[in-house]
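Working notes for the structure below.
Order as written gives the chain letters A, B, C and D; numbering starts at 1 within each chain.
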Amino acid sequence: MKYAYLGPAGTFTEAALLQVPGAGDCERIAASSVNSALEMVRLGQADAAMVPIENSVEGGVSATLDAIAAGESLQIVAEVLVPISFVLAVREGITSLEQIREISTHGHAWAQCRHWAETNIPAASFTPASSTASGALGLLDPETHHDAAICSPLVAKEKNLKVLVREVEDHAGAVTRFILVTRPGAIPAPSGVDKSTLILPLSEDRPGALMEFLEQFTARAVNLSRIESRPTGAGLGHYFFSVDVEGHIAEERVSAALAGLHRLCPELRFLGSYPAAQGTRPFIDTHNSDSAFVESRAWVQSLKSRL
Amino acid sequence: MKYAYLGPAGTFTEAALLQVPGAGDCERIAASSVNSALEMVRLGQADAAMVPIENSVEGGVSATLDAIAAGESLQIVAEVLVPISFVLAVREGITSLEQIREISTHGHAWAQCRHWAETNIPAASFTPASSTASGALGLLDPETHHDAAICSPLVAKEKNLKVLVREVEDHAGAVTRFILVTRPGAIPAPSGVDKSTLILPLSEDRPGALMEFLEQFTARAVNLSRIESRPTGAGLGHYFFSVDVEGHIAEERVSAALAGLHRLCPELRFLGSYPAAQGTRPFIDTHNSDSAFVESRAWVQSLKSRL
Amino acid sequence: MKYAYLGPAGTFTEAALLQVPGAGDCERIAASSVNSALEMVRLGQADAAMVPIENSVEGGVSATLDAIAAGESLQIVAEVLVPISFVLAVREGITSLEQIREISTHGHAWAQCRHWAETNIPAASFTPASSTASGALGLLDPETHHDAAICSPLVAKEKNLKVLVREVEDHAGAVTRFILVTRPGAIPAPSGVDKSTLILPLSEDRPGALMEFLEQFTARAVNLSRIESRPTGAGLGHYFFSVDVEGHIAEERVSAALAGLHRLCPELRFLGSYPAAQGTRPFIDTHNSDSAFVESRAWVQSLKSRL
Amino acid sequence: MKYAYLGPAGTFTEAALLQVPGAGDCERIAASSVNSALEMVRLGQADAAMVPIENSVEGGVSATLDAIAAGESLQIVAEVLVPISFVLAVREGITSLEQIREISTHGHAWAQCRHWAETNIPAASFTPASSTASGALGLLDPETHHDAAICSPLVAKEKNLKVLVREVEDHAGAVTRFILVTRPGAIPAPSGVDKSTLILPLSEDRPGALMEFLEQFTARAVNLSRIESRPTGAGLGHYFFSVDVEGHIAEERVSAALAGLHRLCPELRFLGSYPAAQGTRPFIDTHNSDSAFVESRAWVQSLKSRL
């Protein structure tokens, strides 16, 4: 197995990849962007790619949501949750917050620590970095100007950087969700607590179109655990929805909802069913059990045999 | 073929039966009640029974609605519409409305002519008859007391009764719908303009149960052409619904709605799909066409092949 | 107070009227039909009328449902439940079931005892009577032919008739619901367990029209305790619905549902809010409490004050 | 009037602000972030702030969506659309794409031109800038390393930068929507083509909660023109929705939907009604017209007067 991931090495994404059983012993390729990690999979240069999809503070990762929604089909086979905590690393010689004039980090990390920074180092200006790791490494480079960086504890430790403050994130308990993506192939068997991911283009611009989609779920008691709207790029007011539902396509109620959605919107994309990283086995009432579906189909077939 | 029908001979029900191609040359058995006509079919004493199910003025015929909703299963294979118009027949010697002291007819006929009678013969008392035909025949019987009867033009003509007024019905244009009932067997092929009849017990006494049923229809754009509530006999507040929908079980949208209903209510009864006596081919949008259903099923199957 | 009721004296309807506090001491007028009882109220000849509206076995009483749905407006101010049980009274000289050749009763009573009669006196022919009381009184009349009658225990006792069998009804526990009707006026104050009655013409013949009505109730968690379809008289497929809902117009959720229905169907009729004869105080979630309505209105008003 | 806007000067946001009648002659304060622009308004340091809220390619502007959803209440009084087109500006001495080794721009601009860059300057590395204007100005600074910048045509022209390629955006026709925000106060009068913006916290984590919200709109035929999900910061799976609807709170159907939503979710925020920058007067059927609401309210009131 060969794995791509959103690099550089030492970021939270590599930490997520290392949670995949066996991945620590496999070849791991740091990609420069989500897009290029997924392209490696599409082109067969990697067997799977680990990319972030959702942060509990910042929301969906647009690059990932968009990249898997379009282009050649891909499949999600696993998800991994990684708790997110940041440290404030500083350049050699800095000993107090008051000395910091310029700080650098990735925009998403900045968004998660903005309030802390505005409160504690209000005089510091912000310089965006292409990743938290690159911002941190800049502290070792005499040609860069920033004297502080917000980064993962891991990078700070590995590069032996000086840490002035730990846990500078505004919301304790932040978590990022990562997904492991392959080319379409075998769907992982149901684990009992599963998730399915769909892309739903809103093909018609009319009142109630979103509600008609949702009715396909509620009519089978299929619960949504995530819904994100994204622009299609075709102009303001044109969206697709990226949706996670509780349940596995091997379950009748999920496959019935999928069939219903396909009738409303044949451009629908199914991105996979896979074990949920957290959650409990959903309660399914008798009207939506597998056997209720099987029996109702058998009943209709027995009637149709009289045609 | 042997036909039973709600007798006696000469009523509107026999007129309905005579519209069935070939029925004029077959054995026709006048039954004393809807129940006994249907029992003849259940017991194999008749191949089919013609019974009234709905009148455009008086509403559903309770005896028929109840008799086909319970007991051994039956099937509706055809429907027939008969325009209903009544005449006022009188006993020999009566020449004006003022002379009428007592009038007899069947309760349903009385209900359809009540306003006319209260206006035109306010002094006459009403004596119920077990059928319009028997009320009319009573005019020839010296032992009965009534001197007028409301009946079908046919009986008046066949028995040579004196007709004082024609078209005494309160609502011109009344129509009664009759159904031809057999034991369950081959379902008539779709004609393009078809109807399906269902019995839906409201198995749960909670808000929204009826709405959940209706949603199964609207979710597939299946139109209801009739809905009647009837008590189940288990106490006030316990109903079943007798429902006609536009379309044939051979159509995907109808069979999908049936499967959905069966999940909600496995006690559901399917009473048949058959050509509608009137109406136009329903408009079916692309999301509910047969091919949309077939394609969505094929799409889900192709995904499930990856399991 | 002067009361009209569906006569003759001694029927279940008079029994219902006698349950109204004080009615036993008032003038009671037996009307020959539901229509004439209601007309007495409309014309001011009576202050109120007691009429049957629903039987737990036979279903809605069409004459009443239709009479209060059209014509000059009326109002329901109370409902009364009367348990229904029938006796088989016979003519002097009859001592066993085998001797009975002809039996008479009202069609509705016959419908409720038909199965018993077909099983126990299969050879007897049925002659309809205009009321259970008149059929019973016929047993004392040498000019009538029937030798048995199905009637109320009350009439049998009052007229000293010979009772051969008691409780000949097919379903034990049958109940008839009666309503007390006045001209529109003061609405009875809420009792905590109330009912409201509506007439909903289905003004548009299209899929989903009934569902749109029901949504107005479910959107406010207003439960339906009865729904009956009736033909409007304008032809097959044209219905109005007679509906009872749990709750009183003084409650916000009920009046909000009424306002919503009026938007969909301005021809809607409100027939009154009155104490329910049975049932429990409905559970109302916080989103549908009176205070939720009042607060939401106040909130919107505060926003609109900025216009 | 004193206006704040997301700076620095010369970006698309200032262009949006200059479209506001009279703003060109007023004091304009460039804020370093969306948050600080809005804080100036909250603190009374500015009368209004112009900030971006949605890009037709990149989707919602998270910083703005989050900043107006929480904290002290604000109000949207206008929206402005600005077409977005980018140029590739280069450092003195660069004459061909092949020479470019490092390119800088703001992350959002980069997202909109990424495909062009990956295709046309695949060897160039990307350095994020804190704004398109600052990236462009870096080309004049000998201490920065990048030799190309993606920026607005305006900045390139004003600063006399060398433009190598115009319209480097991946999707022609991109538009950014900006909103003008004030403290809560007078709501702009209806223009006929209006919009209202709401924040809907999903207070309950259960299937159908989103659908119940949407039903409040569809029940009054209020169309949604935008819906965005955002994390609340309370953990994965907790969202609020930022929603734009067609129509003005002065319209009955809009205020009725607001009242209905407030019952379901009293934490709802109303962010204003204001003229839409584009669009047509919505079609309103008779059941949802102002007069239908007024009449239904009057009807219910007339009934309640009988209490």
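The rule is short, and it goes like this: contacts are C-beta pairs under 8 Å (C-beta built on N, C-alpha and C of every residue); 3 or more make two chains touch, one makes a residue touch a chain.
All values reported here derive from a predicted model rather than from experimental measurement.
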item: Chain A to chain C, fewest steps along touching chains; value: 2
item: Interchain centroid distance [CA atoms averaged], chain A/chain B, Å; value: 59
item: Distance from chain D to chain A - Cα centre to Cα centre, in angstrom; value: 24
item: Residue list for chain D, restricted to those that touch at least two other chains; value: 215
item: Chains touching one another, given as label pairs in label order; value: A-B, A-D, B-C, C-D
item: Chain A residues touching chain B - in the complex, by the definition given at the top; value: 184-187, 189, 215-216, 219, 249-250, 255, 258-260, 262-264, 266, 270, 287-288, 292-293, 295-297, 299-300, 303-304, 306-307
item: Of all residues in chain C, those that touch chain B in their complex; value: 33, 35, 54-60, 62-63, 81, 107, 111, 114, 118, 126-130, 171, 173, 175, 177, 206-208, 210-211, 214-215, 217-218, 221-231, 233-239
